[in-house]
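Look at the two complexes coming up: chain A is in both, with chain B in one and chain C in the other.
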Partner chain A sequence: MRNIEALNNPFGDAKVISNCSIFGMMDRTGRRFSGRDISRAIANMHDRGNGLGGGLAVYGIYPEFADHYALHIMFTSAQGRKATEAILAANFQISRDEDLPTQPTAEIVNPPLVLRYFVKPTHSRLEGLSEDDFVVRKVMEINTSVEDSFVFSSGKNMGVFKGVGFPEQIAHYFCLEDYEGYLWTAHGRFPTNSQAWWGGAHPFSLLDWTVVHNGEISSYGINRRYLEMFGYHCTMHTDTEVITYAVDLLMRKQGLPVEIFADIVSAKLWTDIDRMDPESRQLRSALRQVYGSMLLNGPFSVIIAHEGEMIGLTDRVRLRPMVAAAAGPMLFLSSEEAAIRLVSPEVDRIWVPQGGEPVVGRLECTSEAPKSDQPLAA
Partner chain B sequence: MNERNNGRRAVRIDATGLYYRDLNQLVREAISGGARRIELEGVMGQRYIGTNVYECPDLGDVEIHIHGVPGNDLGAFLNGPRIVVYGSAQDGCGNTMNAGEIVVHGRAGDIAGFSARGGRILVRESAGYRVGIHMKEYGPHKPVLVIGGSTQDFLGEYMAGGVIIVLGLGIDGPHRAALVGTGMHGGAIYIRGEFDRDRVGKEVGIVDPDAADMAEVEEHVRAYTDNFGGSAEEIIAGPFSKLYPKHLRPYGRLYAY
Partner chain C sequence: MALACFKLPEFLVERDYDKCINCRVCERQCGWEVHSYDEEVDKMFADTEKCVGCQRCAVMCPTGALVISPHPGRYREHGNWTQEHLRDAIRQSETGGVVLAGSGNDKDYPVYWDKLLLNASQVTNPSIDPLREPMELRTYLGAKPESIEVRDGKLVSQLPPQVQVETPILFSALSYGAISFQAQEALARAAAELGILYNTGEGGLHHDLYRYRGNTIVQVASGRFGVDPDYLNAARIVEIKIGQGAKPGIGGHLPGEKVVGEVSVTRMIPAGTDAISPAPQHDIYSIEDLSMLIYALKEATNYQKPVSVKIAAVHNVAAIATGMVRAGADIIALDGFRGGTGAAPKIIRDNVGIPIEFALAAVDTRLRQEGIRNRASIIAGGGFRNSADVIKAIALGADAVYIGTAALVAMGCTLCQKCYTGICNWGITTQNPYLAKRLNPEIATERLVNLVTGWSHEIKEMLGGLGVNSIESLRGNRLHLRGIGLTHGELETLGVRMVGQ
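The block that comes next holds the complex of A and B.
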């Protein structure tokens, strides 16, 4: 999709400033539930966005194709679809392809065609790459070199639904009440200096990792140059893209635990590091020296998700809001408390995380068969 | 629904599902129509409650009781009414308030008391980041902010006037807030209990409060216990520390040759 620049950033700005709404909810027992509640929750923060981008990510959505990569791909022309499908046919075995179901939604205008493909890499094409790295390479290929095509998501047993509109409108448009997952994240966008387009909405995704983001990454240029050394090409000029690739590089490829990831991107201030015990000081100093270019400077709060895990994180001085709550097996993360109380009036604990300290929810039991939907306030 | 309540005309409004503009318009119409006690039920994230009533008469008699979770900027530019929240307040509670009182039976979010220039905010539990940022005072107009628990970092950032009192009730160990009073150049912060004196802003001095200081603290601690219960005497027993600005113009010399 070579023309992203013209579509998304007509004024050539170096960064995009946002002030958005984010929400995440996860059942740590793996029970799957519909998109109804997260749609209500994100709609409750309607005024944080301006209708120029909304989206949701959901995990546990395709159990019948759990071993396939589920590609959600949008097309704005028949030629784009044809070119992308040629790449897919040459590199993957496609078990099923179909339009994403939609329903007429008054506020959603000129939607692109969005399809999903359940695929497995063709082994003879891997050339020594892992299946994950192969999928990443093909996603990058489609997104950077094929006109009028854009991959929303490319993970297993998960999917991203997004577009131009308020998030509750996007949820309605894509019939998300009809899906069930154990982990949902959502985003309402407030882009202030970029033109909205369907691919530029959050969540941003690579494989099964997704990021929804409220804030602005002032260090975008430094982060981008560092990530380019590892083959990540930032094409969208939106700062959230570097967070997505930072997550992929540090947590998926380098296998760093989330606590270390947080210490890199929301690094402690040197004045705080100086006051730590010698062992902590040595670790934090080494992280700042080795990964100085991965420090995410500027205000942000993000919800990062991948299979079995949801992570909330803010910048080190908490310049964007985040509230967390636990209610039985449910974990909630939100820009505002009211959105949590709307869908879960009773909670066991509600708190505001310290800046730079991650809140992590993990599946407690992945072997258990998925249960049917139950009311949250059980 | 209108009714007489202790001789004060009371109005109950069900806020469930109402857009904030519509809700605030109903509140304004009720007060303009003579209501002196507004009960809001089912509030869930609606912003700017209490803001748009500034030109109604006799605001000092008005009480707004909120059941649920009011949205950001509760009581922004508040000019006289008393707001009571039976739950938590989100970010920006009391933003630039001028007069009146906000009583929160829960916790408050970030930047509570932001740029306040008068009135009083009482928070039963803790509050978030940058509480009391750039509060200010002039003559008799002196905002007061009382936090029952503790706060997060940058308490009293760029503070130019007024009083912040942090009681440390129910917290586990010392206060965690760092960089308290960064950029402070007016007003006073009273902290009850232990905190890390090495992590306050570099513009801040720390002393033991004198008798006049403690008289001021006591007045507001009594307001706190009147609203939320507890023993004022036990709280006043302290120990309190007073944080004050070492200079009224901390950066004046930075730009002068």
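The block that comes next holds the complex of A and C.
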């Protein structure tokens, strides 16, 4: 088994600590727009990062291959590429493979090769798994067993671009002004360690789910052990990885709606639960009893995205910043208000969500944050 | 014919005659009849040989005239043959009997709690001040499903019974018979006041304590004393006692002299008969038998109460616990080798079983490896001395802890270890009305409430320092522990990194 930890966690820390800036923007009508604005917005929060990790996720960029899994894979050696491509060839029909276009960027040094592959699983290889689960398994196989390879993203009609550098530099390097999508998220990283690895930058992704995250989760140890019970292997030693797997387990596999997910990871206080009507109390109590180990305790703000949906969430007592704004069909989420004002000086509404209260943007509908004094409807 | 006594006394009773006022308090307080008054010379005397070192007379003496200390007269020092080895061998050569002991293992084995250190937040995340911010210790005991179903914002799934406690500290099993009614009443009242649970032990439930049913764990042990449908249904949790940390593999024996009056009624056995708890439960010779008893108890309580199974921490505890969960136990109670007892053969107490730290870590790890940790809560017991021990146990994986000895200390116990004699100058482990009535249940309740409240405050402070505001975020979170002075193997079994890593 390949030791991914040595790459992402060179000092063998119990956990890799980093804090950050995050930004997300979405056109809820599905209109696609370029990566220019989000680069400006995240650059406006330059000082929240330290140049040791930046990245963006974008949805709706590959409409011509919308039914293919788009694999963004980075390679640091020719052997790694050869081994990974052997796995791909054995398990997938590859409709197209190509280098990700890049342009020289002064601050980006020694970049790895990053390719994209548009693939469909070979049906005879599924062995009873769903296509999604099959892709997850193969991504894990590449990430944990093949040297010098790492899958940035593996969803349909979406992609993750990330690396070591400030996020605006990464956006420039990968020519993101040339792409169009209806939903973008971005991340600027401030890890406490000075060694950084391209695979360790955000967004972290599994299938089309991506997570950008700012925080330091003190419950990490038990969150991780709980997920391990369900077969997740946490190789990156980061909070973000744990959040991503939590999303995968609770929302994708167990099918819980986002409001319930929020009530699990940013659980309501018992003093609030005790005052609810019997039905709500019963539900919230059960969530805490059953999923107590999945409570993400400690400061975080996070933007979770997948096809057609962007979710902003902070920890239960809101120890990390998050500002939300709506301007016509656009929904913005940001660590700082200034970044929103930069790209959209006029907004219809701008607000600071309560701790643990999800802000949800969905395609073709306008379900914003429920009012904080109302119980959430699942 | 009794053989001559060759024993040196263990304790020295020194009286400052300048201070002594011949009030005879010491004489009345000592159930061991150490002190006596000689009218002819108008002077108090002490029979040092009878003293057990409980300090009752010293603290009750109004003039501070008494000092009780280890007796300076000692056998010749010997690295191998300690004073205790000599004394025990001499006693056994006189009686041919088994040396008995009360309380828990008092030997100098490593205490692993003292080799584990907690974390705190600095810079990258804020610590939380529990005096100003919410800090949650509420805990639910019982089996949890892997997932739940929610439809239209409503809970569809039916959860197995969950028992709520406001802090994860419970009073361990202390049976009526082994302890006085006053002591058990204090435990029940304190549990009710604290929103926690006390455990009846295997001596049945006195009718006057049924009013505390909301805070009661009832035990079903090998003697089945006092077990009937009312007893089972009076509880929040029914606990099957397989073993006890102080005497793994050993049963119990309450001598007929102690089975008097209410004890006999509560245990549902004739007065004056010995109450014998066999070593095994004679309907449980294997795991499938345990399953049958678990489900018999669930049937008897209409599946409304979690069933706990308590075992002593022994070598293969992880495999046993896994079997218990698969047999249907909702709660695993683990009792480490430092757990207390009313009476046990001293050789067993001091040599059988393993520390709770390792048993707990091994069981939590194994249940997770098997993917069934959610199917049972873990209660750890056996030697918790302060709130740091408790919070470290939570971090290793316990849902809650049982405290027995600490509760007795709160009520006055000074660990003289003579619980098996029926004489307790503190009124705790005695059925002698003259001694028992000196334990005022009201005051003992207050002291118990104070102890658990104080520990809970300390736990909140430590949790806040770690940067979490809810106990479940520390449960099983071993990353907040570091080991100091431990071998690689010990660290691995405990699942913690060493300090500095």
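General observations
Here is the rule we go by: the second predicted complex is superposed on the first by the 360 of 378 C-alpha atoms of A that agree within 3 Å, B and C clash if a C-alpha of one lies under 4 Å from a C-alpha of the other, contacts with A are read in each partner's own complex, and residues count from 1 in each chain.
In the analysis below, contacts are C-beta pairs under 8 Å (C-beta built on N, C-alpha and C of every residue); 3 or more make two chains touch, one makes a residue touch a chain.
Remember, it's a predicted structure, so these values are computed and weren't measured experimentally.
Once chain A of one complex is fitted onto chain A of the other, the partner contacts of A:336 are limited to chain B, with no touch recorded for chain C. Of the two partner chains, both chain B and chain C are touched by A:317. By the touch criterion stated above, A:283 is placed in contact with chain C alone, chain B being left untouched. Shared-chain residue A:257: touches chain C; no touch with chain B.
In the superposition on chain A, A:218 makes contact with chain C only, not with chain B.
After overlaying the two complexes on the shared chain, residue contacts for A:295 are found with chain C alone; chain B is out of touch.
Number of chain A residues touched is higher for C, counting chain B against chain C. Taken together, the two complexes place residues 317 of chain A in contact with chain B and also with chain C. Every residue of chain A that touches chain B in the complex is listed here, in rising order: 44-45, 47, 272, 275, 317-318, 321, 323, 336-339, 341-342, 350, 352, 354-355. Across the complex, chain B meets chain A through its residues 20, 44-45, 47, 68-72, 87-88, 90-91, 107, 109-110, 128-129, 152-154, 176, 178, 198. Every residue of chain A that touches chain C in the complex is listed here, in rising order: 12, 14-15, 17, 19, 192, 215-216, 218-222, 225-226, 228-230, 254, 256-257, 259-260, 267, 269-271, 279, 282-283, 286-290, 292-293, 295, 297-299, 316-317, 319, 376-378.
Residues 121, 124-126, 128, 133-134, 136, 138, 140, 144-145, 147-148, 150, 152-155, 157, 159, 162, 368, 371, 373-374, 466-470, 472-480, 497, 501 of chain C are the ones that touch chain A when the two sit in their complex.
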